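See the structures that follow.
First subunit A sits with subunit B, and in the next complex the same chain sits with subunit C.
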Partner chain A sequence: VRCQQYPPLRALQASAALRRASDEHKKEPWASSSQQHFDSPPAGHQPEQKPQGPHPSYTGQGGQESEDYESEEQLQHRILTAALEFVPEHGWTAEAIAEGAKTLGLSVAAAGLFHSDGSELILHFVSECNRKLSELLKKEQKLVQLGEAEKKPIDEFLRDAVEARLRMLIPYIEKWPQALSVLLLPRNIPSSLNLLTSMIDDIWHYAGDQSTDFNWYTRRAVLTGIYNTTELVMLQDSSPGFEDTWRFLGNRVADAMTMSNTATQVQSTGEAVVQGLMGAAVTVSN
Partner chain B sequence: PSAGAALRPCSTRVAQKGINKPVIDRIIRVDHAGEYGANRIYAGQMAVLGRSSVGPVIQQMWNQEKVHLKKFSELMVAYRVRPTVLLPFWNVAGFVLGAGSALLGKKGAMACTVAVEESISEHYNNQIRTLIEEDPEKYKELLQVIKQFRDEEQEHHDIGLEHDAEATPAYSVLKTAIQLGCKAAIFLSERI
Partner chain C sequence: AGPEMHFGFQSVTEEERREKIYQVFETVAKKYDVMNDSMTLGIHRVWKDILMHKMNPCPGTLLLDVAGGTGDIAFRFINYVRSVRQRQLQRKLKHHQNLSWQEIFESYQKDKFNSLGDSQVVVCDINREMLKVGKQKAQHLGYSEGLSWVLGNAEELPFDDDRFDVYTIAFGIRNVTRIDLALQEAYRVLKPGGRFLCLEFSHVSNPLLSRLYDLYSFQVIPVLGEVIAGDWKSYQYLVESIRQFPPQEELKAMIEDAGFFKVDYENLNFGIVAIHSGFKL
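== the complex of A and B ==
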């Protein structure tokens, strides 16, 4: 499973201001590695603080630091996760991030750590969804390996995986068009493309794809097309439970299967024709 | 606000904790492409010289390349490495090179074999060096595979020499041209 964390853009002075502004709550000290980024620490302010008694140990995935110290990325990760709750109301904006920071007991200036267009929040959300999808697929795979579940046929597997991933958008569906447009900003395209391709690669991997030829690319391209078009349909779907979307998805997956079967048939027909011609040529030449 | 967000890939693949993914990716991708190309070269040579006296020799070398390709295909799936986009191109280019060199005669085919196998051996040696510099223990299995394949490619090289590869007209020109092509192929397949 390949998941990516997005250490958000750093507004360095803002994070120093954040620390100053934070109140009586238990504050995690900044890890020493982020210190060298501070060019002018506020006067009289100590860059590093000793841990103040027991506090929630956040085991992020970056962590070279010891358990007592939370890195800047882990903090940003927590803020963004908390901010998601406010997205349906405020959209993918600094307001949502500020509200999220407030629930963690941090100052609203925390929103200054991030870009104003909500890029990091959206990328964080996508990354988290992909991670959840991977875990789900891995769990299903384990069940199949243990013999507790039937192995799904490929079309059903792909349909279920794409549906599961798209369902994660449902709570945020009103504001998702805004998110899509932000993801398409040139600045964000490398990251969003990366997230998309790794998600599609994950789905194919768990579907059991073992191609080592050009099929590797064809399959992923086709599934990416299915995913993107279904996502767009979903944005305009007002049917109960998004049933129109799932029907659309089923049809696209079925189309893809038909296409691949046809391609196989065409290939074997072609080979048979060639063999026939060779046989005819040999006969004629004799 | 500063430069673009940096990507921090976090891998949770059990079999691959702690490996240097970009390096391993490249190694497996280029080796897979190389064996695929070698397969096609021998296929081209067999198409022309299959029924001649060197047919059996080429066939035997081809069989070994098939084993190599199979092994790298397995490694590719195990490490979830993407194959090079250029595979369809190597498909054609390899066959054309093999058939073309074979049309120059048996010695031509052998000269092509010598050139390609020399390139591949050197390339494998570079990879072995890279892996040993990284961590010989962690990459023990991969190192073993590459070492064995390098030895077999070296054998092919020697077989080519034994069959009068050097007696080919314009041998050094032919050899240099083919080796340049191999270098370009290696460069591209690692990246694309």
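== the complex of A and C ==
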């Protein structure tokens, strides 16, 4: 709480100094993924993203007047992103985070900033995947608006969106079951549920769903079910290129479409029956 | 003379305080561990274990244990990284199922001589007697690898900047005369991203418990000191110094002043002991 009272002055001097030093070294392999982090990066961040760019201007005395400072959150983001590279080897653990911190030039003790069960790492990964999905869908939508691409039928759209999102798990698929179990810990359920629902929301939004009635809930429930079951199928799929999973996904989406068609049919049949009964009642009363 | 400071409930100058504290620990050094066990009924071991668990060090960590005297934290650290390292090696072997026996043997040989995974702990204490006791204990218990003993003052550490991953001070910061200097030194010697951990007696806010605690502290502990260590005065000092030490929030503010981020504390046993943690970011 005390720290928040003077954010501009209390720059993270140690990490800022490290980043100035790392600017002079070769570009780190993960730097490109960190570019996606900052939607509106402060001016001082530019040098980090363009390794051949100019160095930040600073007076260099205690770093107090340096322009490139970052908040604790941004540093934590960087560490977690760097840690993802080590997940296939170490799993979603404090060890992976420690290795990530090491690549940033920080001490391995920085892993102590996070929970030892890797919760934050997993949640960070999930929210990053969701963000990438949003960007992908937005780009596609722009292409359609510009007339450069055909608008996909709804089932194809849903299938492609879920497939794109699930493909992001492929590099980490071996350790993903561990991640799922951590996401189900009571402590993490609010956040993980939140991330899931906003992702499903996103997909429906870009699919063009404008419903304001009960359909809104049914659509989300259905798609969540499709996503979760496909994810579980993917975890034990050993077919080449996960073709079994995508086939399963296609079937589930087709099922959902049939179901909704049936529902509409049932509704219109129901209306027809009601009208018939009304007519019969009028006839009888006459 | 210098500014007035407290030595227990007495008022002394800075220099006098340093001298008196040195003498206290010189006298109690040999019975330090025994007294810890009897005063805290062995619970101090649990506190130190909790500290180690909180630190959760991975192999390759360089630890500086200040005021580490008789080596309790250092030995726990070595045990912890050794077991983590074992698990790491086991996992690596599981992945090596496709290698030939020769390759497995070679990798095992290489790792066998690195059972600590390059972890190291430096025990630093201002008091020669405490260090002596610590070294004897290490020899007796068989700790030799990854361990070194340095005579030094927490207010002016004999180490370069940005050297250590973790800095711990367990039940020692209370005896430092200029706590702000010790905190600044801690900041200086830690690497960027390094962690500061302080385990220390603190303030109990629960009124009932506080009264029982006071009763125990002032009536029982000095008596134990006389009976077991033959030294009433040192243990009177101990108990008084606990009361004089800043409470949790104040210490947290001091740590933040030294430049640490994400400063937090965890009360153990309702505040009898507290672990403060901060990061050099």
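Here, the second predicted complex is superposed on the first by the 219 of 286 C-alpha atoms of A that agree within 3 Å, B and C clash if a C-alpha of one lies under 4 Å from a C-alpha of the other, contacts with A are read in each partner's own complex, and residues count from 1 in each chain.
As a convention for this text, a contact is a pair of C-beta atoms (placed from the backbone, for glycine too) under 8 Å apart; a residue touches a chain by one contact, two chains touch by 3 or more.
Owing to the predicted nature of the structure, the values given are computational and were not obtained by experimental measurement.
Student: Report for A:D201: first if it touches subunit B alone, second if subunit C alone, otherwise both or neither.
Tutor: First partner only, subunit B.
Student: Which partner does A:L232 contact after superposing on A: first (subunit B), second (subunit C), both, neither?
Tutor: The answer is neither, since A:L232 touches no partner chain.
Student: Per the contact definition in the header, classify A:M257: touching subunit B only (first), subunit C only (second), both, or neither.
Tutor: Touch partners of A:M257: none, neither subunit B nor subunit C.
Student: Is A:P190 in contact with subunit B, with subunit C, with both, or with neither (first, second, both, neither)?
Tutor: In the superposition, A:P190 contacts subunit B only.
Student: If you tally the residues of subunit A touched by each partner, is the higher count for subunit B or for subunit C?
Tutor: The partner that reaches more residues of subunit A in the superposed model: B.
Student: Identify the partner contact of A:E73: answer first if only subunit B is touched, second if only subunit C is, both if each is, neither if none is.
Tutor: first
Student: May I ask you to decide whether A:I154 touches subunit B, subunit C, both, or neither, giving the answer as first, second, both or neither?
Tutor: neither
Student: Where does A:D213 make contact in the superposed view: on subunit B (first), on subunit C (second), on both, or on neither?
Tutor: Touch status of A:D213: first partner only.
Student: Under the stated touch criterion, which partner chain does A:L123 make contact with: subunit B (first), subunit C (second), both, or neither?
Tutor: After superposition on chain A, A:L123 lies in contact with subunit B alone.
Student: Pick out the shared contact residues on subunit A: the ones touching subunit B in one complex and subunit C in the other.
Tutor: After superposing on chain A, subunit A residues 2-3, 10, 12 contact both subunit B and subunit C.
Student: Name, in rising order, each residue of subunit A that touches subunit C in their complex.
Tutor: Subunit A residues touching subunit C: 2-3, 10, 12-15, 17-18, 72, 75, 94-95, 98, 101, 104-113, 116.
Student: Using the touch definition from the top, list the residues of subunit B that touch subunit A in their complex.
Tutor: Where subunit B meets subunit A, its residues are 1-13, 32, 73, 76-77, 80, 82-83, 85, 87-88.
Student: In their complex, what parts of subunit A are in touch with subunit B?
Tutor: 1-12, 61-62, 73, 115, 119-120, 123, 134, 187, 190-191, 194, 201, 205, 210-214, 216-217
Student: Given the complex with subunit A, which residues does subunit C contribute to the contact?
Tutor: 54-58, 60-61, 88, 164-166, 190-195, 253, 256, 259, 261-263, 277, 279-281
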